[in-house]
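You will see chain A twice below: alongside chain B first, and alongside chain C after that.
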Partner chain A sequence: MTDTAKTDFTHRISAHCESGSTSSLLFHYGVKASEALVFGIGSGVFFGYFPFIKMSGSPLITYRTFPGRLMKNAAGRLGVGVKCVKFKNPEKGMEALDDMLRRGIPVCLQTAVYWLPYFPPAFRIHFDAHFIIAYGMSGNGYIISDPVMDGPVTCTREDLIRARFSKGTFSPKGKMFRFMGAPGHIDIAAAVVKGIKEACFVMLKLPVPIMGARGIRFFANSLKNWPEKHGNRKTLLYLGNVIRLQEEFGTGGGGFRFMYAAFLQEAAAILKDDRLLDLSKRMTVIGDRWREFAASSARICKDRASEKDNFNLLSEILLDCAEKEHGLFRDLSETVR
Partner chain B sequence: MKLFEQPGLEFEKELLEMIVGICRISDPVQDDFSPDDPLIGPDSVLGLDSLDAVEIAVAVEKKYNVRISLEESSRVIFRTVKTLAGYVRKQMGPAPLSA
Partner chain C sequence: MDKKNVPQDEGVFGQWRGINYAVDESGQYVLEKTSGWEPVNIVDRQAWEAVGERIAFVREKMEKGELSPVAYYMEKNLMDVKMLSNYIGISRWRVKRHLDAGVFRRLSHSLLERYAKVFGISVEQLEKGPEND
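Presenting the complex of A and B:
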């Protein structure tokens, strides 16, 4: 590959890869939606505990909706069509990417962090649902806007193939997302309402005990038994991964709860409804509670737990989060009836 | 901690002492440890990782009422003692820094 092509895309730093990539691409097409607004409109907030699925050797816990859904929800609700293409054949996947870039169209790619060479080795975790934007080619490399990096980076063709076609829990399968352009008029209030309604549904009404507010409760009750069930070494490994997923991997902290609080603040202005401001404050308090859980867990993992830090306390904090989130989403659903 | 004794670095020193306390760093901080040295991650001579960062974030919020969240990239904020101090200082505004 010796092509040189570059679109006029502007790199933007964000807290989370999918909401950040979506926000950046929306900006590119003239839709000025912040990362928090995209997260809320895309119904990004969620909780799921999947003990039967392992990621990096630990039970899967997620604080956000499934990969790709946020982007499709948010862009779609703002009237911006998103075309997602999967590829079995890496060469075809790369040809399709090259074609887009030659035509001056930036695209979002699902990738595996482990194979992205610009990440410092210590951050190269096995996470296969990392979203980046490719917006140019130069020599044997691609010009990439990775929302969690300070500035644009480059990635060779070989590395990008590995990252796009890695095998794992959320195998990217070469997924490439193209935004189809913005409509002349956007009903942002309607998009916000739709986003809130779906978030309330998934947090309150899903008929399975491992998702939503019920999922938090389920996790709280399971966690108490981890030391007995898994032994000390595995328990600490699992707990460390829970905290990292909650606080480190671009969640904006508090397992995306701070980001959702920021969304509710913006939603209050868009819908002219002060009740959402109060709910935003309540969500921030919930985010702080999640962070207390993380801090206490960190002390346990680091063998510097105080007398108060133990698995019963962790479980109590989570039960409190579950109750508070249940109440919050119940009250939030009242605002969009 | 000698490099933190210089004028103008009082807040950086205060933060470092807090970090040493909550992360129970038992070895004395070397004199050549600088406010610009890596704080968290594999290059941290203090040996701090992302789990320590969570505790530091909670401690900063409790002590200075400054929440580290959302669009600020925590990796940037926690890069060095100086970047952390700069962030906390900015969020606190022009009020006095130390109690």
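Presenting the complex of A and C:
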């Protein structure tokens, strides 16, 4: 491959890969939706504790909705169609990508962080649902806009094949997302309301105890038993991983709670509803509480002090988070009734 | 989180900068760059130390002749048997057998090639093990 192609795409830096990719692709099509707005409209905020799914050997905890959902929801609610194609054959997947780029269409790719060479080594874990945008090629490489990087980066064809066809927990299977262009008129207010409604539903009404506000409570209660159940060493490793998932992997801080607070602020202006401003402030307080949980956990990890008392304390912070989030989403659902 | 409280504790990520959402003086949410947060640095170091320990442990067993280089490179690539079997496209119990040094010596060349390709190394290096890295 020696041809070069470049689309007139502008890189935008963001906190989170999926909402960031979606936002910058939407901008490309003239829909000016910030990352936080996309996160809210796509109902990105979530909590789930899946002790039976292991990621890098630790139980999976997520603070956001399932990979791919956010993009589909956000773009769909703004009236922008998203076409997703999967590939079995890597060569065909790359041909399809080349074809798009030659036609001047930037596309979003699901990739595995581990195989992307431009990340600092400390980042390279097997997380297979990282969303990046390919918008050009040059020589034997592709020009990539990775939302969590400062500027555009390049990636060789071989590396991109590995990243797109990795075989981890959320195996991307070469998924490629293409936005189909924006409609003439966009009803942002309606999209915001839809996003809020779904967020309230998943945080309050899911009939399973491991997700939503109930999930936080369930996690708080399970956490208390970790030292007994897993022993000192494993408990500290698991706890460390919870913090990494909450604060490290592009969340904007506080397990996406700050990003959601930013969304509520924007939503207040769009819906002309001052109650949302108040809710945004409450969400910020919740985010700070999550940060407190992270700081306390890290202290426990540092002192290797997995005594039961310490874990009771952590559990109390979490129960408080659960209580506050429950109240917040209940009041939030009142505003969009 | 207030804008002035956005942590700037440089750690494991070096030059990389992340984005935090924070509130500025007027109460508006803004995007603020962060070079890291000490609690995250602590748990991150802990996680990578644990990885290092596991790699060292497997390496020792490999040098004693109990485990094969496949076991070593699997750890080095942060994989487990399940993930590696997905990458190679063979069943889990076969991968598990290949972790044994004795079984590994009898592996066919084509299988060695497949392992080497996944690990991103040459067949010779896979057979030799990690002597020079």
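Operating definition for what follows: the second predicted complex is superposed on the first by the 331 of 337 C-alpha atoms of A that agree within 3 Å, B and C clash if a C-alpha of one lies under 4 Å from a C-alpha of the other, contacts with A are read in each partner's own complex, and residues count from 1 in each chain.
Everything that follows uses one rule, which is that a contact is a pair of C-beta atoms (placed from the backbone, for glycine too) under 8 Å apart; a residue touches a chain by one contact, two chains touch by 3 or more.
Note that this is a predicted model, so its numbers are computed, not measured.
After lining both complexes up on chain A, report clash or fit for chain B versus chain C.
With chain A aligned, chain B runs into chain C, so clash.
Looking at the overlay, what does A:D288 touch: chain B (first), chain C (second), both, or neither?
Both: A:D288 reaches chain B and chain C.
Looking at the overlay, does A:A298 come into contact with chain B only (first), chain C only (second), both, or neither?
both
Which holds for A:K167: it touches chain B only (first), chain C only (second), both, or neither?
Touch status of A:K167: second partner only.
For A:V148 in the superposed arrangement: first (chain B), second (chain C), both or neither?
Both partners.
With both complexes superposed on chain A, which partner does A:G253 reach: first (chain B), second (chain C), both or neither?
It touches chain B and chain C both.
Counting residues of chain A in contact, which comes out ahead: chain B or chain C?
C
Of the two partner chains, chain B (first) and chain C (second), which one does A:A15 touch, if any: first, second, both, or neither?
So A:A15 meets both chain B and chain C here.
Have a look at where A:A36 lands relative to chain B and chain C in the superposition and call it first, second, both or neither.
After superposition on chain A, A:A36 lies in contact with both partners, chain B and chain C.
Across the two complexes, what residues of chain A are contacted by chain B and by chain C?
Overlap of chain B and chain C footprints on chain A: residues 13-15, 36, 120, 122, 148, 150, 240, 243-244, 247-248, 252-254, 258-259, 262, 284, 287-288, 291, 294-295, 298-299, 301-302.
Quick check: in the complex, which residue numbers of chain B touch chain A?
23-24, 41-42, 50-55, 57-58, 61, 67-76
Applying the document's contact rule, which stretches of chain A touch chain C when the two form their complex?
13-15, 36, 56-57, 114, 120, 122-126, 148, 150, 166-168, 171, 236-237, 239-241, 243-244, 247-248, 250, 252-254, 258-259, 261-262, 265, 280, 284, 287-288, 291, 294-295, 297-299, 301-302
In the complex of these two chains, what residues of chain C are touching chain A?
1, 12-23, 28-29, 31, 37-40, 42-44, 46-48, 50, 77-80, 83, 86-87
Mind pulling up the chain A residues that touch chain B in the complex?
Residues 13-15, 35-36, 120-122, 148, 150, 240, 243-244, 247-248, 252-254, 258-259, 262, 284, 287-288, 291-292, 294-295, 298-299, 301-302, 304.
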